[in-house]
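Both complexes shown next keep subunit A, but they swap its partner, so subunit B is in the first and subunit C is in the second.
This part shows the complex of A and B:
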């Protein structure tokens, strides 16, 4: 039961949702948002696509093995905690920040961002894995 | 850094095992290596605690009342070692005792996930962080109970998750009240502020909510009814793991919270705790007397023995707390051995029903012996660890003048002996019933037998080496009785 309306809506909504998920993810350090909610938005974009176009094409075009995202994300979050310990010898999870450029366009990156990226990937992988598995069984 | 290792190692192995999920053989051994590393980390923490009394560390280098503190004293180090040790041998036991399908669907990932939550809950000194570790434990254990999706497992898992979600909701509301009243989440800071200004009405109600939330986890009297239906449902190795870790973490947190915050209102709490302890002990053991399934009998005994630990908490003297902790570790070791030997019997007879067993003493005298050790220990026969645990508790109980609960503890021991004798008579002495087919071809898995032997031996050793352990547990009790140790270690390092 593929509906034309949903397909067109998904085509326009999906890039919007993916970009939104990245924006929410990035602003999350100081404002509402973050890796968890970003991962949920990004995962729901892929689920929307799968609902509109079917499982096979989604797996082919977007995501073949969501499980990989889970362990990559977990490993990334762990590594971000070790970073300060390896460079400065400070306790686990100490933040290290680097500023790239200056003025209004300065980009601050640091280990909390890496941690959040790990959360983003884990949540997205988990959500997509669960929903696609359920869809496989139901459809 | 060493304080974070018991959390980092299992989390790392969760990622690694998900990566390796196609290769079952590698996954098994990697997971066991992961638990072995945790055991090393736990032993290192224990030696450091023995050197300096307490150790602590701040996550993310934020200063103490604001950042999340991680803290270990004798109590947490002891429970940490016991958890890692038991987890290691249950891992090895489960190689031969759990079917391949379950292993393939992430059994070891879930074991490691559960260990992450447990180790985190044992080491953290921040109540909201504690809540997060409880959720980690809840999710992993929920999937562990339902893994395999048989009818009884799903029934048990639903009861388990509903009860525990309810407990989590209470836990969070209590955290909210405490934060609203005192403006801090650090356990040392909360204890300090309560020391200064005492407990007011909202804080007292928060303490009650905490007690109910952890009481659900620990399965004490009015909240235990999820346990008999959800613990016996999964394979016996999983049951052993949950009984040795989950309920015991509930007791650990109860001890921690009572000794830090609630003891100010001892005149209110003591009768409640004594009453709950007595009813928990008696009702657990009476339900066990009526059961004929080994797993059910042992699961009811979990409840009954939680009562002993709660009793030690209520006495709240050095001996009482040391006894409660000693009893907790004794129970982890003996109960796991008992579950393991029940698992071996099931491999032989294909069932847990005592009526369909018999003649084990002639068929496998060694396994009968493996069951004898935890049975004597659980009943409290002298040279075993159960005797010393009960001795400490009952001594403390009579010194504190808590007659009713102490006498009921003595009576419950006799009923425990009765249950153990029942298993012994039915499965081991009795000739095999005639209508039961003999499974001569069914063999027990050698790896599992080896793991059970190690557990039985260590449970014996835990009783025989009482002089050494006694010293350690008394120190743990001394640290618990005075919450100033905890406050000073974190706030004035």
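This part shows the complex of A and C:
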């Protein structure tokens, strides 16, 4: 039972939601947002698509193994913690920041960003994994 | 440094042993034996230094705050044990390389065996009680793995478990004793402790320390009443019995007693206790060995007897007794390892090791027979074997023992008679006598199977004929355990005296008993059944089972599996603890708390939350309940936004939406809603919920006025931009200040996802 309305809505909403999730993720450092919320929104995008088009096509087009996202995310979070230890010998989870460029386009990049990206991927992977499994096994 | 090199070499060899085994098959024994043989050569080379009293050392810090060190010292006693470990070890490896060819998964067997060798060396070379304990436990673990090597057999698994639990319990006792010693001395350094025995002797923990140390040594060395794990350990393949359970590991307890001798040599309590347990074990082991039918069990019980003898001799503590102990250590290692390897050969070639099924083996395996005869002669103490010198010394030591000499001498005499009897029984019934018929084609064991026993027997003979060599071997060890005494000169021929008479009497009595064996063995078995069969092993397992069923009952009481009762337990105990905490802190709340912060928006939100909550619990439609819960969440979101928690609000609204979506997927598949619970339980649940809700409300009211962690919050707000480079304090806390917490949380999320997925894939209900 597939609804045309949801399918069309999903087609247009999904890229929007994915971009939104990245925006929310990135602005999280200064404005409300962050990896957790971003991951939830990104996961919702995929769930919306799966709800509209079904499991098969979602797996084929978007994501086959959400568990990989979880592992990559966890590994990124963990590595960001070790980064300062490896470069400066500082304790685990010490933040390291680097500024790229200057002026109005200056971009500050640091291990917390990498850590937050890890959170983003883990949350997204967890959400997608659970929902896809529920769809696969329960529905 | 040398010691560390040897340890690393052993543990490295253990890791590559599987590869060597796989590549070289039955030749792996010879290859693996190169390393321990080279170490033996090194030990021989350094002998002059050890003789001169220069100990090799290595010391590292481990936990200096607790005075724990990782330190080693190779003195005379360690040297003697190291010679045994690597000397016998290399021969055992040669033997095992060939012996294990009919077994499966032998790759790991060799890893365990070599690993054990390293652990045992670490034990004897340790100069710190904690280092010693570490290696002590490693030997227990490897022993467990080796006894249980044939893990497809229940008997082997049980024996391994029994050995591990008994030696493990002893290890714990030992740890307790070591810690108390460490408290008394403010150090775990063995050398320092041994130099100041008076601290121990005058300690208020003297008795506990003594008992704990003795339990540790007695369990490891299979001293009565802990002896029963050793006969059970005969489930292990023969190389293991020959190495661990005769020559090395069971001697660890003896080593400990010898090492700590300067500590307790002035204590009557120790001398009497060691004497009593030593004599009992010596006699009981000898007695029990007589009526056994399994060749390896016979050897196991004679090992128990020998270990008792060693404890007795160390407990006696005179120069004679200590000389005798060290000589007997060598004697026993040589002949017992030989006999265990021979038992393995016999089992391999004939398919049985039951005494009544064996006979006339000399026709098929003459070389093996000669080697065994010599070993048995050493065991019964017949000249010119080293065993003779050992036994003479033991008799002499017992005669000169300060107290209760007659009683000890009598027990020792009987134990030796039993040994002679057992030796005669093995020699005559297994190798001589009429040819028995076997399922297999019996033949001489292969060269690799005879090399080890042959070398050990030749050593027994050589050292017996040239006792000066034996004297030189044990002399450094003697100096390190009893520096004030002087070693008794070893001689093969003492002249005609009481001791020689006693030896002659022993051998004749043993032979006489052998000729009366038919009735004798039956009578001994019957006597054992009536009086001496303590069923210690069976009782051990009965106790273990009782403990397991107790644990099972306890678990099923606490972990009953009813979700509602778990929730109830959690909620009620949390409530109780929270109220306890609040009363302890003299809580109070400010009645002006709500002034100026409530607005009509919040009031509307509260109204939505309360009415949606009531609707959730009263509706009889699951989908409706789901939507009502979502409504509660939206009410909360409004409150969060009103008070500025935008991050929280966004997260909550996304989570609530997703929860309804996922919930709707599942609700759709659930069976029709039926109310099972009765009025009573519903009233109870309502009460619990209300109490819990009220508790949480009270706590929030109580902690709000004077917020304890204000400075923490202020710190985060102040430093968020300067140190975390972010204006969003919540996010900076999450990813920077408290990132470790977040890492833990996302790990939990990952685990939850995997858990949910595997539960869903499990399909417990196969029918649908």
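The criterion applied here is as follows: the second predicted complex is superposed on the first by the 139 of 139 C-alpha atoms of A that agree within 3 Å, B and C clash if a C-alpha of one lies under 4 Å from a C-alpha of the other, contacts with A are read in each partner's own complex, and residues count from 1 in each chain.
As a convention for this text, a residue touches a chain if its C-beta (ideal position, glycine included) is under 8 Å from a C-beta of that chain, and two chains touch if they have at least 3 such contacts.
Just so it is clear, the model here is predicted, and its values are computed rather than measured.
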Subunit A as common anchor, with subunit B and subunit C clashing or fitting: clash
Touched partner set for A:123, first subunit B, second subunit C, both or neither: second
Touched partner set for A:63, first subunit B, second subunit C, both or neither: neither
Which of subunit B and subunit C A:50 touches, first, second, both or neither: neither
Which of subunit B and subunit C A:75 touches, first, second, both or neither: first
Partner chain(s) touched by A:134 [first = subunit B, second = subunit C, both, neither]: second
Partner chain in contact with A:17 - subunit B first, subunit C second, else both or neither: neither
Partner chain(s) touched by A:91 [first = subunit B, second = subunit C, both, neither]: first
A:40 touches, of subunit B and subunit C: first, second, both or neither? second
Subunit A: partner with more touched residues, subunit B or subunit C: C
Contacts on subunit A seen with subunit B and repeated with subunit C across the two complexes: 67, 70-71, 74, 78, 81, 92-93, 95
In the complex with subunit A, residue positions of subunit C that touch it: 646-647, 650-651, 654-655, 657-658, 661-662, 665-666, 668-669, 724-728, 730-732, 734-736, 739-740, 742-743, 746-747, 749-750, 752-754, 756-757, 760-761, 763
Subunit B to subunit A touching residues, read off their complex: 1, 4, 8, 11-12, 14-16, 18-19, 21, 57-61
Complex contacts: residues of subunit A adjacent to subunit C: 24, 28-37, 40-41, 43-44, 47, 51, 66-67, 70-71, 73-74, 77-78, 80-81, 92-93, 95, 97, 108, 110, 112-113, 115-116, 118-119, 122-123, 125-127, 129-131, 133-139
Complex contacts: residues of subunit A adjacent to subunit B: 67-68, 70-71, 74-75, 78, 81, 84-85, 90-95
